[in-house]
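Before anything else, here is the set of structures, which you'll find just below.
Two complexes, one shared chain (chain A), two partners (chain B, chain C).
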Partner chain A sequence: MDAVALDDLLGSSAREREESWRYSKNAIRALTQQTFATAPPDATLSAETLQRIDLPFTRGRRIVIVNGAYSQRYSNIGELVSTIRLHHESAQRLKITISTGCADPLHLVYVSAPAGSASRWQADCEVELQSGSAGLIEQHVGEAGADVFGTLTSQITLGPGTVLRATMISDIPDSVSLLRKGHCTVGNSAVFAATHAHFGGRLQRIESRIDLVGTKSSCSSRGVFVLRGREHVDVHLDVRHNARDTRSNVFWRGVADQRSRGIFHGAITVAAGADGADAQLSNKNLLLSANAEIDTQPVLEIYADEVKASHGATVGQLDERVLFYLRSRGIPAAAARNLLIAAFCREVFDGMAIDVMREYLDAALVARLPADAGMP
Partner chain B sequence: MMLKIDNLHVRVAGKEILKGLTLGVKAGEVHAIMGPNGAGKSTLGNVLAGRAGYEITQGSVEYNGANLLALEPEQRAAEGVFLAFQYPVEIAGVNNTYFLKAALNAQRKYRGEAELDSMQFLKSVREKLRVLHISDELLHRAVNAGFSGGEKKRNEIFQMALLEPKLAILDETDSGLDIDAMKLVADGVNAMRDPQRAFIVITHYQRLLDYIVPDFVHVMVDGRIVESGDKSLALKLEEHGYAWIAERKLAGVA
Partner chain C sequence: MATERSQIETALSRRYDAGFVTDIESDSLPPGLSEDVVRAISARKNEPDWMTQWRLSAYRHWLTMLPPHWAKLDIDPIDFQAISYFSQPKNRPKSLDEVDPKLLETYDKLGVPLHERARLAGVAVDAVFDSVSVGTTFRKELADVGILFCSMSEAVREYPDLVRKYLGSVVPTGDNYFAALNSAVFSDGSFVFVPKGVRCPMELSTYFRINARDTGQFERTLLIAEEGASVSYLEGCTAPMRDENQLHAAVVELVALDDASIKYSTVQNWYPGDENGVGGIYNFVTKRGDCRGARSKISWTQVETGSAITWKYPSCILRGDDSTGEFNSVALTHHRQQADTGTKMIHLGKNTKSKIISKGISAGRGQNTYRGLVKIEKGADGARNYTQCDSLLIGKKCGAHTFPYIEVKHPGAIVEHEATTSKISDDQLFYCRSRGIAEEDAVSMIVDGFCKQVFKELPMEFAVEAKKLLEVSLEGAVG
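Right, the complex of A and B next:
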């Protein structure tokens, strides 16, 4: 990937870039100054990675992308129904057209596999849902080793009356950086419901723009990040109500321990004429260490007349009174902390339509909590 | 002696609250501690349970022959100390059943006992629920979340019944309860009275002691126990008020 392409990703004007990256300035500067070779698309994956991506409920519907390139070797698409078509404009450009939805989710896996020295990949994915409802799991995993820097641009187009339930999960080591720029366009009466869980990474930037262009279209973005060490996650949501009677619900939670860094920027814009819009935003964060930092920035811009909107954002710590209550009943301090952190995060997974996926996210969450404590 | 508090001095935020409190409690006994607001009654409960922020400047607390103050709150719980909170906290997102099972099994694990499986646990829970007239529905909610004042207090007693402590400290469990709820709480406590178990019942009013009849009544004023007696002392207090004790105390000093 050349420098110009990266510039486009960071923001077109210098001012826009400055504003958008203000909390991740140093992290992105270090990346742009580092030298990366092209990541090998034919990397061999470890048995551990293969096990992690082998969700039993997506066998036969799994598309694996290794270092940005479609991998025939690792993909498992034997059970893809005929209403789902894959087109490859190139190995790095994938287009998925779903003419009629189906009950079983499609599983997209992006693997960042290190080379001998720092390497970089770029990919683009386009998904179009023409009718019915469908499930999509976008999973990012990485193997430890030399630095890997991946960038993914994606476009999702939801036709009238369609429903897409998307689960976005990343669990990557701190040698991997990911830049993801997603754009979803939601048509008349269509629903885009995304649930995110992000763990780890040297720098993870998750940009998600959702355009509610159809009348009565709606979206929900629920997500959580849980960070430790020097991990850095920067979430930028940009929800735009551009039609009448649209609804959005943004519900994010963040947890930062040790020297990690979390950023949540949630912007909701209700355009002039988009009357009857309902926009809710809630962002709560938990700091577990004096050296961790979380910045939250909810931005609500309303240009229409009849709008129902609310937003709230907090950064706090575990409640000592609650911790004492748990301990006074016999639950050891470290386990009590885990219990409260898990409860704080689990709110995000409540009401997920796919039970197996909720269980999977829950297990991933529990695995991220301090292990020495154990869960009671 | 199960609990032996000797000349206990405790500071909170630099201010001395307990000023030489001495109290002995044997297994099987019920001790009531009464006193006006600000006497240090709740401080005593919190210090025994191990809450942070209390500085012990002098004195000692022995529990079954060991230094209680050296133990972490969770160790005290597993050793059998239970505090029914005056203000039980709400814990959003933590299911009541899950919490109780985690607490019970953490205590059992500490004591080297086998952990209960879900079936055994639920059986035990159902028995205790019946005694306290608590509906099953409470179990499926988050801990104390959206509970009424009375439900919170009953939930404390329910937890006590389930955890079966050796020393239960009830911190103004009667406050905010109507007479029916108070009777339920008293029934729960009375059902647990046992030669192996002791209670310290902290209360502001004599009324609770009509239902939980204590073996001893202590009057606490200004961080010390100034008067001890049997249950008739509570009735005298009811009649004359705390001012009467304060006067007697002053007269004694003079």
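Right, the complex of A and C next:
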């Protein structure tokens, strides 16, 4: 891999890199030592993938990026064009401008497709919402057998008074690695509401920086990761309150089973002068196996005094008494476990604006639980 | 409001009360650090060869290390060659009665009359004046029950087997940059050994003072509680006013064997520098306790109001099954003080428990950081941790930061962390004032309430001192 490009991804100073990659050091080192070819942009997608990206509520309209490049063949943006402008300087650089809000969510799909040997893609996506409210779904899928390392830089700009509901779902096999650097700038009185669901991955590094630059702007970040096998997910949230009367709410859940590793880093910074800030962060994790590991690091940096900020983090396991109760009612142990794990994660999806989206995420979640046990 | 403001400004620009320099001739080494200096320190203290070699190996290791950079602190580079590594008052007294009256006067000015306090409160004091212990009281009483309480230099000479067995076993010489430096040049400190089954009949205490100019003070404390023993140790510090930054890099090691319990309390009030951040002590301390035995318990309590920069993480290694670690802390930063402090709880044994209560108060331009690690290792079945860290902000220009690290490798563990940051609410103040309580008193009352959880862990006499310290430090900080 190109060493210079990697420097940009990992953070420039040695100190920054050391702290930021504290828990994913080995995982990223293994990736940097591997040789990757450039992933072919014109891969043909399997029927299974096509089915997976066909979400029931987008009416077939989507923007598909295969191995980092915009794919004319699989995208369908026909009716969207009136409110949405799509520019691409190159296949790898997308710029989407939404002039006024639209009722249907914009569906962006990133597919990692196999290439015969280890390969790598890199893509850039900029979204600007100028007015009104809009929905955005960013979906990452990996095809079976794909040995791919994808990096995505995503920049979202929200104009004054806008509302963006974003859903980020990644469900990738453990041969695919994904490094996603997101940055959202929230203008005056604008609202950024993000819901994440991350499953799988050899290494998934989800960085999400949210800058509340406008007065009375607010954001929420709700998310869940459910891991098994040797999957490794590293979530880095960085919420910055830079203006007066801003609000943020972070609510994340994590589940790690078998030999997986889940990392949550949630930083909230309140800059000097950002009075009236209200910041809440909650992170709870379930550690289900003796070989799995959870590392959590909620961080507060406060430089203003008219502030309400709090965070809470826990790591624990399923409550034996509750399991016993369910079993005493005739529910098999494995099914009872599934029920409790799903309930633990579902809290994240509460209050989602689009019911069908919540149902879709819920189905994806349930699919991640041990199948033979089933749900009661 | 205008008069209030001026009162506040007067109170805020208050000078450091304990700032004075006692004029006693010091026997110091010239500034600089080399193997020869390490040897010279060792020679002056008449140390056996193994100790000299131990120091030298630490020094050689230190040369290969770099100062830690991860803390949220703004530190000017320290010129280690500009520091004198050894200083002791001349004419070392044999007993308290022979102690230079000027020196005792110094303690008096601080409100710590050594004789009186020791007698009245039943406290045995091992007072460290600069780098050498000048007097030790109650040693006989302690010796009667088999407790060894003496200076580190004495311990090296008289109990070499114990020292060799335990010194560096909790904080190895190469543990970190400042611990390595301390291991090479440590001047003196306290040594406590509580044998099997003995409950220490009194609170043990040491008063540290930095006095001679440009002298780094490198204390080394080693405290061992054998099976079933218990001991409570108090440590308090104040330092005179000074314009150059002074380095204080101490190492404290605690060892608790089966069923032993150690309570270690600190009130730290080193000179914090003036309101512009000139001068003040650099307090870079490595404190670590090893719960080596089953059912052992180590409890750290600290009240940190002084020092220009504090870098300190009293930790517990919970090695023995069913062992318990506790950390209770109040840290206050005012003017341009910076503190990066917290704890580490390393759970290795089964059913180990730890509790962390941290209260940070920032005022003026102070920056206060809590940094804590809770680590549950693979064998720590049934481990339990609860952490609460709260920050209180007083003023527009200060900062309060929280950096917890939670690493869990055992599915049988329960770890909980909670943190809040807020300022003193106008409602609380208004309520108090409407009841006729002056604003200053209201603030100190609210701060006292904020810190209560920690103060109640302090031994009586320390609790009073700590409360007073906070009151004085925060006079008029709310406008």
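General observations
Following the convention adopted for this analysis, the second predicted complex is superposed on the first by the 372 of 376 C-alpha atoms of A that agree within 3 Å, B and C clash if a C-alpha of one lies under 4 Å from a C-alpha of the other, contacts with A are read in each partner's own complex, and residues count from 1 in each chain.
To be clear about the criterion, contacts are C-beta pairs under 8 Å (C-beta built on N, C-alpha and C of every residue); 3 or more make two chains touch, one makes a residue touch a chain.
This is a predicted model, so every value here is computed, not measured.
When both complexes are overlaid on chain A, the residue A:316 reaches chain C alone and has no touch with chain B. In the superposition on chain A, A:238 contacts neither chain B nor chain C. When the shared chain is aligned, chain B comes close enough to touch A:330, but chain C does not.
By the document's definition of touching, neither partner reaches A:128: not chain B, not chain C. In the superposed model, A:344 makes contact with chain B only, not with chain C. Of the two partner chains placed around the shared chain by superposition, chain C is the only one that A:296 touches, whereas chain B remains out of contact. Once the two complexes are overlaid on the shared chain, A:278 sits clear of chain B and of chain C alike.
Ranking chain B and chain C by residues of chain A touched puts C first.
When the two complexes are superposed on chain A, none of the residues of chain A touches both chain B and chain C. Per the touch definition, chain B reaches chain A in the complex via residues 49-52, 72-74, 76-78, 82-83, 85, 88-89, 91-94, 99, 102-107, 110, 159, 163. For chain A in complex with chain B, the touching residues are 319-322, 324-333, 335-336, 339-340, 343-344, 346-347, 376. Contact residues of chain C toward chain A in the complex are 69-70, 376, 378, 391, 393-423.
Residues of chain A that touch chain C in their complex: 15, 18-19, 23, 272, 285, 287-290, 292-317.
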